[in-house]
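After this come two complexes, each holding chain A, first together with chain B and then together with chain C.
== the complex of A and B ==
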């Protein structure tokens, strides 16, 4: 492998990491605040993809604008789902049997709703951007991946700003760190959890739209990304936003460079192997390493 | 009073718990002698296979509280292991035992890294493992890849024999489940489900116990897959490793009553009878309905059918005034 190939793969990995981070951050927020693993994440990724697709084919709305529209729409969906289902299951500081099963049921419902509406054929969003590339020196940039990367990073920056600069963001972070202390300090737990769930679903929907700009999709689209998202947040230590970025970069690098070694048919086994490795070597994620260093210092 | 009677006559109480299931097994064993037609036997056979898998899942998911979304892995590996060893000339029972062994061994692969940690790691890893195994089996040339693997039958097809094998296995699974329920292991499993820290303070080793239970549940499910493979004489990855198999195996105990001995059996019978009709009339819709059912059960009656029956009994008792002071 020469340097140009290596650089191309590296750029591809970094561009992929952006959308992976956007896809996983919603799961981190929901896990952090509610301590539940949102298995329905996959369903919302899929719905986001079809949302952007329908807007593009029916109303000729640019997919990028579609992704921006997906944020408020999926936020409201998430708030509704919280109000209808999630708030009814008992709270715990550990993911409970009932929360896993409830959200798994919701995933099944969403996935098969997708099959009912759109059938099981492949769909894709094809714009003039889709196949265009441009070149800087030896490195080739696919335009669509750059656009997706830009959108993902911009949305993550907005989230970062909201979490650190607004009262509401601080409330969410307080609940993630210590929900009892947050409650004592005057955080309305139920309302904050509802908004956090909405934000999580908003990011799932928007990330689904971003992924749909790069890949073709079926109603089963979210399944493989659900596991990827989980690998990323485990690598990141489950509740850390910086960890998500690092986890996304690790997974994207491993996936991109493994093409050189492993036949593409076996690709889905990669994220699982990485998960097992992460659990054996770094059960607290990358964030756990920092914490350990802090404790030692 | 009841307690005293039980203490005075332990053999009687044991008889009361053991007799109805034995009676049920005898009745089922006599069914083929009445010549009910091949389709009825087939339905019973399928229900018995489901009962085995459902009871197996329940020991891990219901009693020990470790939800797995990927039991199709063991079902499928059991099916393939049986098919391959039957073709290699092994007898029926040794090949089923081999399938169970394969299932138990594979279960360690998921259990060893994930059971050490508490939290959702195990549940999520099971989603990944079933996807990964299905992909590998679809690409594996030795077993025919996506086009499947056929068992070359040596003798004539004997439906009754298959039925009795399935009945024996299902009875064995229920017996194991009852034994666990009334043993120290069962108490250990429940304590792990309720509070893992407290359990380990009381001298339970959660890691080893979970690994053992997972292996046992996987072995039962793999044997169920093997029985099914022997009957259908053809296995293919999207059939036995399919996502809907995983969904079915987890749904049945929840329908019937999670964590109980008889709930998974009831759930499997209900599922076995309903599923055929449902898939025929709504090919895509059935998973949608299963998802909706799962949500409704978790929100309104986590005890499943058994929970409903208990509520009904309580309601009737309250109405008729049994036990009320008059």
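== the complex of A and C ==
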């Protein structure tokens, strides 16, 4: 493999990391505030993909604009789901069986709803952007992947800004760090949790829209991304957004470059191995390592 | 006292009546579930994926089976000598959701609880493989119209039948087709071939078939790269980069529909080019052409069936299918399923009984002389799998496609090498 091939692979891995980060961040917000693992995440990824697809095919709305529109729509869906279902789950510092079962059930309902509405065929978004590329020296940049990467980075930056510069963002962070202390400091736990759930679902829907620009999808879509999202948030630390970005980059780099050494048929084993390694060696993820280093300093 | 005891006995009576009613309801419902074949119908189990990864092909196969059942029933049913009359066919359908464990469980349920005469099921090698352990266990004939790996039929099972030729033969025919292009001077000799195969028996056997042809015909092609990939992958950039680095002239992959779409998108985005490109049995699928547009042009596929086959029964089937399902048959999917049901009906009629072993024996000798499949005669081989030829189809611009091999069935010329733009 020459330098050009290596650089092309590196670019592919970094662009893939952007996609992975975008699809994982919603899960991290929800886990951080509510301490529940959102198994319905894949269902909202799927709905996001169809939302952008419908806007594109029916109203000729550019998929990128569709992704932006997905944010408020899926935020409202998330708030409604919280109000209808999630707030009834008993609060706990650990994910409970009831929350896992409820959200798994919700995923199945969403999947079947998808089959009812869109049938079982493969859908895809084909725009002039889909196959266009541009080249800098020997490196080829697929436009659609670059757009998806840019959108993912921009949405993560907005989230980071909102979490650090707004009162509401601080309230979310307070609940992620210590919900009891947050309550004492005057944070309205239920309202904050409801909005945090809405934001998590908004990110899932938007990420689904971004994925729809790259992949074909059916109502079954999202399952294979769910495992990767788990790996990323465990790698990054369950409650850290910067950690999510690092986790996504690690997974994308390892998945892409390991294929050079081992047959690509073992690619899923890489994700599982990383998950096991992270749980054994870095149970608090990369974010835990930073915190440790800061404490020692 | 008397008043109290009469009240108690009334309550007892009411309770007993309630219990009796519940029991009657229970047994009625349980009875509804079974029914067996003793009445005026022949129950046929159909286990197909209409949700999940294989939903679309599964749906087409289900429609093929249901069309055959409808036509059989419209003609009065299947003549069963033992009963002295024609019996209608009743489908017992289950969706396995493209899940192997569920698929095997549902076939078991159809064969035991539902007491079906036979089961038609298993689209895709993986699902068919899971189902294939049940027929001999419950001594119920099973025909798969969607699992092609020869491996399934090499275990000395006796109740297992398949209407698709083996994927090894698909690979071999692909080699033959490429060889014919070399003989015609369209491709040069000694071209380098890269193989990317899905990590299933389907993919492995496809690769083996190609390698076998290349070994038997030295000087035509050489394999410079061969690697397996996992089904349902989200990123093929690493694999494609390795294919690129191998500097192959021909790229042959074996992939299912979603992987075909994802891989071809990344293939184009990586700026890759090969003189010939194939994704095994995928190519003219409508969903792929919608998802990939012009990028599917000149991709060729080895298919078990094509609606372009120049047989009158194929034309009739095409029209009947469109009227029944409301859409055209996509790729090869519905035809082997339609023929599986017709072969089963013929076997039941020839057996003259609903005895499953007798039907199994009849299936071994069945000869469907107006088959839709290439060659027009469907008969099961020694191991239960048909040995029918393949057709090679090549996509052309404007959503067109042609049979380009074998010559006697060709509807157009093969374009080789593939134009760069």
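To be clear about the criterion, the second predicted complex is superposed on the first by the 284 of 297 C-alpha atoms of A that agree within 3 Å, B and C clash if a C-alpha of one lies under 4 Å from a C-alpha of the other, contacts with A are read in each partner's own complex, and residues count from 1 in each chain.
Note that in this section a contact is a pair of C-beta atoms (placed from the backbone, for glycine too) under 8 Å apart; a residue touches a chain by one contact, two chains touch by 3 or more.
Predicted, not measured: the structure shown is a model, and the values here were computed from it.
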{"item": "Simultaneous placement of chain C and chain B on chain A, clash or fit", "value": "clash"}
{"item": "Touching partner for A:107 - first (chain B), second (chain C), both, neither", "value": "first"}
{"item": "Which of chain B and chain C A:268 touches, first, second, both or neither", "value": "both"}
{"item": "Touched partner set for A:115, first chain B, second chain C, both or neither", "value": "both"}
{"item": "Contacts of A:85 with chain B and chain C, given as first, second, both or neither", "value": "first"}
{"item": "Chain B versus chain C as contact partner of A:97, first or second or both or neither", "value": "first"}
{"item": "Contacts of A:224 with chain B and chain C, given as first, second, both or neither", "value": "both"}
{"item": "Partner chain(s) touched by A:234 [first = chain B, second = chain C, both, neither]", "value": "first"}
{"item": "First, second, both or neither for A:136, with chain B first and chain C second", "value": "neither"}
{"item": "Segment of chain C intruding into chain B (one of 74-82, 128-136, 254-262 or 380-388)", "value": "128-136"}
{"item": "Overlapping contact positions on chain A, where the chain C interface meets the chain B interface", "value": "111-112, 115, 120, 224, 263, 265-268"}
{"item": "Chain A - residues contacting chain C, complex", "value": "1, 5, 8-9, 12-13, 16, 111-112, 115, 120-124, 126, 130-131, 133, 135, 140, 142, 144-145, 214-216, 218-220, 224-225, 228, 255-260, 263-268"}
{"item": "Chain C - residues contacting chain A, complex", "value": "50-53, 55-56, 58-59, 98, 199, 227-230, 232-239, 241-242, 244-245, 257-258, 261-262, 265-266, 268-271, 287-288, 290-293, 295"}
{"item": "Complex interface listing, chain A residues touching chain B", "value": "37, 39, 85, 88-89, 94-95, 97-98, 100-102, 104-113, 115-116, 120, 223-224, 226-227, 230-231, 234, 238, 263, 265-269, 271-273, 275-276, 279-280, 283"}
{"item": "Chain A-touching residues of chain B, taken from the complex the two chains share", "value": "61, 65, 67, 69, 113-114, 116-121, 123-125, 127-129, 131-132, 135-136, 138-139, 193, 243, 247, 250, 254, 258, 284-285, 287-288, 290-295, 298-299, 302"}
